[in-house]
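What follows is a pair of complexes built around chain A, which joins chain B in one and chain C in the other.
The block that comes next holds the complex of A and B.
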């Protein structure tokens, strides 16, 4: 399957129906996967891979549409997971309500943060987002909040009730949570595509190109980016809530720099202008990290991968291939 | 109580100043935020541990900054110079990756357990200040920190090379047209920056402990300092480091565990007030 571009570009009339058909077929076929994998290592790796993939989609979206490097996506991912776990444990919420309220909390937090960080320069943006993820990691590990957040051990929780018709207890099974993860990935990717090709997306990219020009032309350049940031935070929150429900656990490690780095790596490698690339990147990096992690080299791998990716393919793995293709005569 | 706290705050601030001013200097000259700065500090601390236990602390204090300035040469020649034309954020991420790799190598060599270095006998005692016993070693850190800031200030403001550094930071194009060799200056600044980080690493050994998470903790602190101070503004960074040291020290006593959150809250508060950071004294950007 070719990558679906986030930016609008001319396509032949035949391309969309074909692409749409292929996408629908892949989407439907995905639901059959647990039957073949029967739980096991590959299934759990795919689950984690798509979760990282969703985070990568978020990073890619904000990078492509707003030109910001969101190096701290872990803050919203972890926040949603913790909010969900705390609502279940301390307030006795059923699973679905906890998930919904956790997402609202994450959306509100992302909105507030967005309102502050959108005003700063790109490099400072990157450093502040990273610092805020660290803030969250320290906050949940505070000893005095131990009864609520579980301190540095993380927070175990056992939700009750149903989530989209699936019993919350069954979500702990890697095969049963798959449809939820699979659907969420598609919905988020689809929404990002729709937003990107909408008037709103065009405006975001115009602001990215030249903020001053847009301001002079009478466009508001602040709120659209805040909304985009909030939306991306919400999408990362969806990944966090699903991950929390799938493991019955929220841990301070969800906020770690490594979580953010892997999402960023997956986004950049896959190509920020595509939606398929970041998701594939998420799966591949999750696989590679679990392979290297078995040897105790997962962080070393991440470090080396960051260097190599930024040195050789800062525009994504498909970029050099496309250039080759162009040189090959397609113009 | 209060005088002791002020002295403690000055000791912590001195470490932050040594780190943040090095970061701001490189940024001023190369427009590169070195995310590997924390890892360089970590290498300094672990090398300091080895040399202090093999020879003595004073040797470490001299040898480590020298060794680290060699690392600075490597940083300049192998990373900053070849990547001169790359985007700011790409280079920042590459230095971040290098930082992770360096930290992992250090952890491979020294293991994951925290280490501690004994203060040298000369500094291991304590003196009476305002009626309270105060460890000499912390005063020593403050003195070294203050001396290095004063030396830096004199160098930047009173020497020809210092003037060139300020010129390149202020207007890279014009100063290169005037015949200033930015590459040679950048080499010098990289060496200075890593040597300062190494010095901070050696100094931190007997004061706090040396542990595998120290690089991330320090780089996050440095980033907060640099952003609060206004990216690239050396005096802003030094001032922010001073404030942060005080806020943290007083916070630990009066607010207890909440104090770990204070630097972040301070960052957010200042950015709401001034999105460009404090940024006085003419920032680089």
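The block that comes next holds the complex of A and C.
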């Protein structure tokens, strides 16, 4: 991933091949990582960090492009994970088919929810999205659905078949699932970057900036945002499916407010105006929670860290680096 | 081009406009709407462009009843507006926003609009960083895209100096003539209106007081009593 803002490209055309080359090198080098880490804590932390990073990317994209504070990304993350697990357990789907159908279900759900929440005011949008995720968390934990969803214990499942050439069972290994997570992160970041730079992306930002003027310029201001919302839901679903396949488990906690809050804070920590920031935010945030948790002060230290970031680098940790890079480029 | 018949717009029990009938918008002309504060000028404009639904009465555009049409439909049919408070896209560059709207409305000659509104030098500037006068011109330029037949401007001189307002009106007259469009302008600056309009309509307390040439309006005793006063 390159350090490109979602909305515009400050680099000259001459620098694109260099940036592209660096991005390709980093992407390819990422596949070598499991060989060095040999599983264990760091690999697991990186896997979780990138999953949080994907969710943070979703939150950042919808915030930057549409101005929505999405406080319920967990709904689509959890829904995709449960759909995948249920399709495997209850219907005998192979892993790849279960993943594909789960993503279609998630896309449809995000589209329907988007069609409703796009119309409401920002506070209502935030609360409805949050409530939906909480509603789902309680729904899957209902004792009457225990045979299908596993109730409050969550749903264990054993995927079969192959996923992009990898045996589904092998995905339970933190090192083996890494290429899938790594590639998914790049693909989602790349797609978000392309969409943000496209005519559609400019249209979304214009609607965010001045919806009334857009309507008076003859634009439909509703459907583009519904499509953006559905796309973000789908991307969160990808994270959910991968997490489910990586653990063989779907848990009610995937829908929890903590999942949504982590994604939002990771996006803010990294900065919402680029695709690199939220991913970095996801990794750093996951690492910080883990480290602070080991000291027994997870909530306290994480809270302090987020407040410091908000106060001193409100545009995210990548912003000072980008400024330094520009100064260096001018020097 | 626009025929308003018995238009009434009410906010609850309060009638902002009462039973207004007037013809507006002849090609190549500048038609101004004036009146004291609270006369209903902006509401009148909002009703024409579809932002406010009439409580009673009808609005015809090119002999078609458009009272129920959406804002987008009216825009695509050639009815454009600018706003009392500059309404542009502050986070986009001037070129980005003009380009976006031009692509959507199939504008064949964006360059001509850029030149007419004197924006070529500031195209790559983020709109929020542009001077207020430039932002006003961007606002008008956004309205001009897509070859509109009629351009409705709500106080285009708001926040501008007398000289800038006069300049803007000169631009408008030039545009109306060159592009053969009708310009309908709500404006407070009476001197600019009388100097540069072809037709003037006066509203007072939500009612239609008079329509005529600037000379006729200046001489109208009702208008003098209600709005212009002895200074006119």
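Just so we're on the same page, the second predicted complex is superposed on the first by the 293 of 331 C-alpha atoms of A that agree within 3 Å, B and C clash if a C-alpha of one lies under 4 Å from a C-alpha of the other, contacts with A are read in each partner's own complex, and residues count from 1 in each chain.
To be clear about the criterion, contacts are C-beta pairs under 8 Å (C-beta built on N, C-alpha and C of every residue); 3 or more make two chains touch, one makes a residue touch a chain.
Keep in mind that what you see is a predicted model, and the values were worked out from it rather than measured.
**Student:** With both complexes superposed on chain A, which partner does A:132 reach: first (chain B), second (chain C), both or neither?
**Tutor:** first
**Student:** Of the two partner chains, chain B (first) and chain C (second), which one does A:213 touch, if any: first, second, both, or neither?
**Tutor:** second
**Student:** Should A:69 be classified as contacting the first partner (chain B), the second (chain C), both, or neither?
**Tutor:** Touch partner of A:69: chain B, not chain C.
**Student:** Who does A:311 touch here: chain B (first), chain C (second), both, or neither?
**Tutor:** first
**Student:** Does chain B (first) or chain C (second) touch A:116, or do both, or does neither?
**Tutor:** The answer is first: A:116 touches chain B but not chain C.
**Student:** If we overlay the two complexes on their shared chain A, which of chain B and chain C does A:97 touch? Say first, second, both or neither.
**Tutor:** The answer is neither, since A:97 touches no partner chain.
**Student:** Looking at A:23, would you say it contacts chain B, chain C, both, or neither? Reply first, second, both or neither.
**Tutor:** In the superposition, A:23 touches no partner, neither chain B nor chain C.
**Student:** Please determine whether it is chain B or chain C that touches the greater number of chain A residues.
**Tutor:** Larger number of chain A residues touched: B.
**Student:** Using the touch definition from the top, say if A:203 reaches chain B (first), chain C (second), both or neither.
**Tutor:** It touches chain C, and chain B stays clear.
**Student:** Where on chain A do the contacts from chain B and from chain C line up?
**Tutor:** Residues common to the chain A contacts of chain C and of chain B do not exist here, since the sets are disjoint.
**Student:** Show me the residue ranges of chain A that touch chain C in the complex, using the header's touch definition.
**Tutor:** Its residues touching chain C are 7-8, 199, 202-203, 205-206, 209-210, 212-213, 215-220.
**Student:** If you look only at chain B, which of its residues touch chain A in the complex?
**Tutor:** By the definition above, chain B touches chain A via 33, 86-94, 96-101, 103-105, 216, 220, 223-224, 226-227, 231, 257-258, 260-261, 264, 267-268, 271-272, 275-277, 285.
**Student:** Which stretch or stretches of chain C touch chain A in the complex?
**Tutor:** Answer in residue numbers: 49, 71-72, 75-76, 80-81, 83, 87-93, 96-97, 100-101, 103-105, 142, 145-146.
**Student:** Could you list, by residue number, the parts of chain A that touch chain B in their complex?
**Tutor:** 69, 71, 116-117, 119-124, 126-128, 130-132, 134-135, 138-139, 142-144, 257, 261, 264, 297, 299-300, 302-307, 310-311, 314
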